[in-house]
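Presented sequentially are two complexes of chain A, the first with chain B as partner and the second with chain C.
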Partner chain A sequence: MSDEELLKTIQEKFKDAVRIENKGNLAVSVNKNEILSLITFLSGEPLLFDWMNFMTAVDKMESGTMELVYQFYSFSNKTKLTVKTEVSRDLGVVDSVCGIYPTAEWHEREVYDLFGIIFKDHPDLRRIMMPDGFTGHPMRKDYKDENLVRLESPWQ
Partner chain B sequence: MAVGLDSIIEKSELKEGEYLINLGPQHPSTHGVFRMLLKMDGEFVVSATPVIGYLHRGIEKIAENRNYRQFMPYTDRLDYLSSMNNNLSYAIAVERLAGIKIPERAEYIRVIMAELNRISSHILYCGFFGIDLGAWTPLLFGFRERERIIDLFEMTCGARQTYNYMRIGGVSKDLPDEFIPALKEFIPYMKKKTTEMDNLLGKNPIFIARTKGIGKVSKELAIKYGASGHVLRSSGVKFDVRKDDTYSIYDRFEFEIPTTENGDSLDKYRIRIEEIGQSIRILEQAMKQIPDGDIMADVPYNLTVPKGEMYSRTENPRGELGFYIVSDGTDKPYRMKIRAPSFSNVHLVPEVAKGLLIADLVALLAAFDALPPETDR
Partner chain C sequence: MEERNFKMALLERVPAILEKVPCGKPIDDMVNMVYNWGRRNSVWPLLCGFACCAIEMMSACASRFDIARFGSEAFRASPRQADLIIVSGTVNFKIGECLKRLYAQMAEPKYVIAMGSCAVSGGPFYYDSYSVVKGVDKIIPVDVYLAGCPPRPDALLHALMTLQKKIDKERIGKNRWNKRYE
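Presenting the complex of A and B:
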């Protein structure tokens, strides 16, 4: 299935899906309210995106948002797709896709742990990488750690 | 701060006769710092909860402060048993984003190194599988074969485990004159030793009895949990990034993708042994076709990648390793996401570990082959 056909199939159902620049494959961006219904649509007929590669977040400080990125692959159609959405940087909340892709459980836990985005209806949202009792979300661009001391360079 | 057992599994959830046991981060059979909380009923596992993050080093955060050339040694340390493949994956990701074309000889050298590393990783996997079940001999046989491969690598780049050999734009050093004759001697030796390892393990009735039917992963489960590599192929999905989403010059070589149907631990072992044979086929073809020429493209010293983003993936011995790089036009990545195969593969373990004995659980973990440095990054 070519990129144009795929984009048309998605835009028929989701009028607000916008095409984004991506050098590898087609990437669309939707509003965060529509993300669960879009992903439910993608996993069924006729597109059959049954395999989720990963799910991550990109911290965009200037625009004050965090961008969530989902990457899918379809074994039957041999096509790749990237889906993006934007959430606010402070206590952003978005629907969880664990019901459709169980692999998203750990990916969403990692995004919660490192970025601080809350996923609604996630069965077990707790920290995965950082030790328990850790405060803060390290992958944010404005994260400061009091244990990290910048040493003065002697020749500067 | 230590995680008590209570915070993950409530004591009140235990039925009568059940107890909690910790397959702790320090354990000879868990392949590194990997922890499982087991709810046991007598000798049988009721549920298994993996706890990861003991080896989290923040590599993705470090990537935001290093330029693209400086990040190459960090990729060695992701999955330290297949360091050349990690280098290759990262180099291909940056080259695709920046639009760099690399010379022919460099492509062939990269494929030779990647396949040699795949063979060494697979033969070690057979060794570790043997020792987890109590067989001591395959372990040392695996290390002996790996020593021959490491000699070839040391001859070329000077290192034995973390090579830092590939560069964005090619490779760092050319093959010495002794390399191709040594490789020609190595190939029949490796064929003989693969048969020997298979005689020790794959045709051994004790090994078959301990792995057949353990941890059956169905096709739907493997796809839904994002499994890749031998976990996916043992459940009947014929997918290999080298063939279906091809990169580098893998489309010039003839090789097959072994696939099995059952999805249990014996099948996972079988696929890895077959893949050694296929890698040897690729090596023979690459050795014949390798041309002379440059080994490095004309890449500026301070490489800046134009603005854009992309996800690019390759086939590692353990599955699909991918890099999602967001570039903002400078010489440092804005965001680098590493898609590690072991992270998704090990998520499957709780699903298939129900009802097993602890000894079978160890066989299951050995078959899945999840390395903590890759899981935790």
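Presenting the complex of A and C:
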């Protein structure tokens, strides 16, 4: 199905879904309260997005939010879709999608480890990459450490 | 550590005896030359590659750039049986703990070659990285530094030759691992 049909199918059920610019690919932005119901709908019968490619986060300091990015692909319909939400920067809490896509367990652990976003109803939310006993969330833009040497400009 | 009672090996007492004998110095030089010749021509590295420089290390061990003609015929998987550790690749904090343990488990005499930019100084990950150790000499003492990203296999052979020249200059009984006898 084409991009417009896909967008219309989503916007029939979720009135707040907004199409955003993503280099020509289809990207849909929703409120964070609706993310679990949207993803349940996406994995269901008409659309059949059965593969979650990845899930990451982007730290936006100016607007004080972090943006979660999910990417889906459907093998039967051969379409792809990106879903984005905004979460607050200080102690943001989002629903976990582990019940629908089991691969999200490790993706959400990585986002928790590096950004500090907490996922409700996650079976095992703990650090996955950094060493045990590490404090802090390294991929935040205001992370400071004695080992972290920033390069202000490569052309000094 | 200081309470242990060290007994000097027999060969390591030889220089102290030879100093007093009249024709001692040329004999001392000859003994050192033979001893070091045996050691420098059979440096056996540890079979442990860390990252991309390990590919160049493997290619130095293959047939085109043969490292076996320099004596490194056998790469030993156990640190207890290895003489040399070639730190070939980026070292994080997590793997740095393991590296320290591997170095501590090696028996003296032991040597370290820091291969590639990441092992020498953190390399391209010096800036904007929260997990890379900026130079492996913050963890273990290094004998030979080899620059490159990655260095060619012939550059690794040159580093091995530099290490062999360094071994030639050592004296029995006056090494850095005999310092506890002073």
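To be clear about the criterion, the second predicted complex is superposed on the first by the 145 of 156 C-alpha atoms of A that agree within 3 Å, B and C clash if a C-alpha of one lies under 4 Å from a C-alpha of the other, contacts with A are read in each partner's own complex, and residues count from 1 in each chain.
What we mean here is this: a contact is a pair of C-beta atoms (placed from the backbone, for glycine too) under 8 Å apart; a residue touches a chain by one contact, two chains touch by 3 or more.
Everything quoted here is computed from the prediction, not taken from an experiment.
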Touching partner for A:Pro131 - first (chain B), second (chain C), both, neither: both
Which partner, chain B or chain C, touches more chain A residues: B
Which superposed partner A:Met61 touches (first chain B, second chain C, both, neither): neither
Which superposed partner A:Asp145 touches (first chain B, second chain C, both, neither): second
First, second, both or neither for A:Val18, with chain B first and chain C second: neither
First, second, both or neither for A:Thr103, with chain B first and chain C second: first
Chain B versus chain C as contact partner of A:Val93, first or second or both or neither: neither
Overlap of chain C and chain B interfaces on chain A (superposed complexes): 130-131, 138
Chain A contact footprint on chain B (complex, rising order): 1, 3, 7, 52-53, 56, 58, 60-61, 96-97, 223-226, 237, 239, 244-245, 308-313, 320, 322, 324, 326, 334-335, 337, 339, 343-344, 347, 376
Residue numbers on chain A that touch chain C, as the complex places them: 130-131, 138, 143, 145, 147-151
Residues on chain A engaged by chain B in the complex (per definition of touch): 21-25, 50-54, 56, 58-59, 69, 71, 75, 78, 80, 82, 101-103, 105-106, 127-134, 138-139
For the chain C and chain A complex, residues of the former touching the latter: 93-94, 126-131, 134
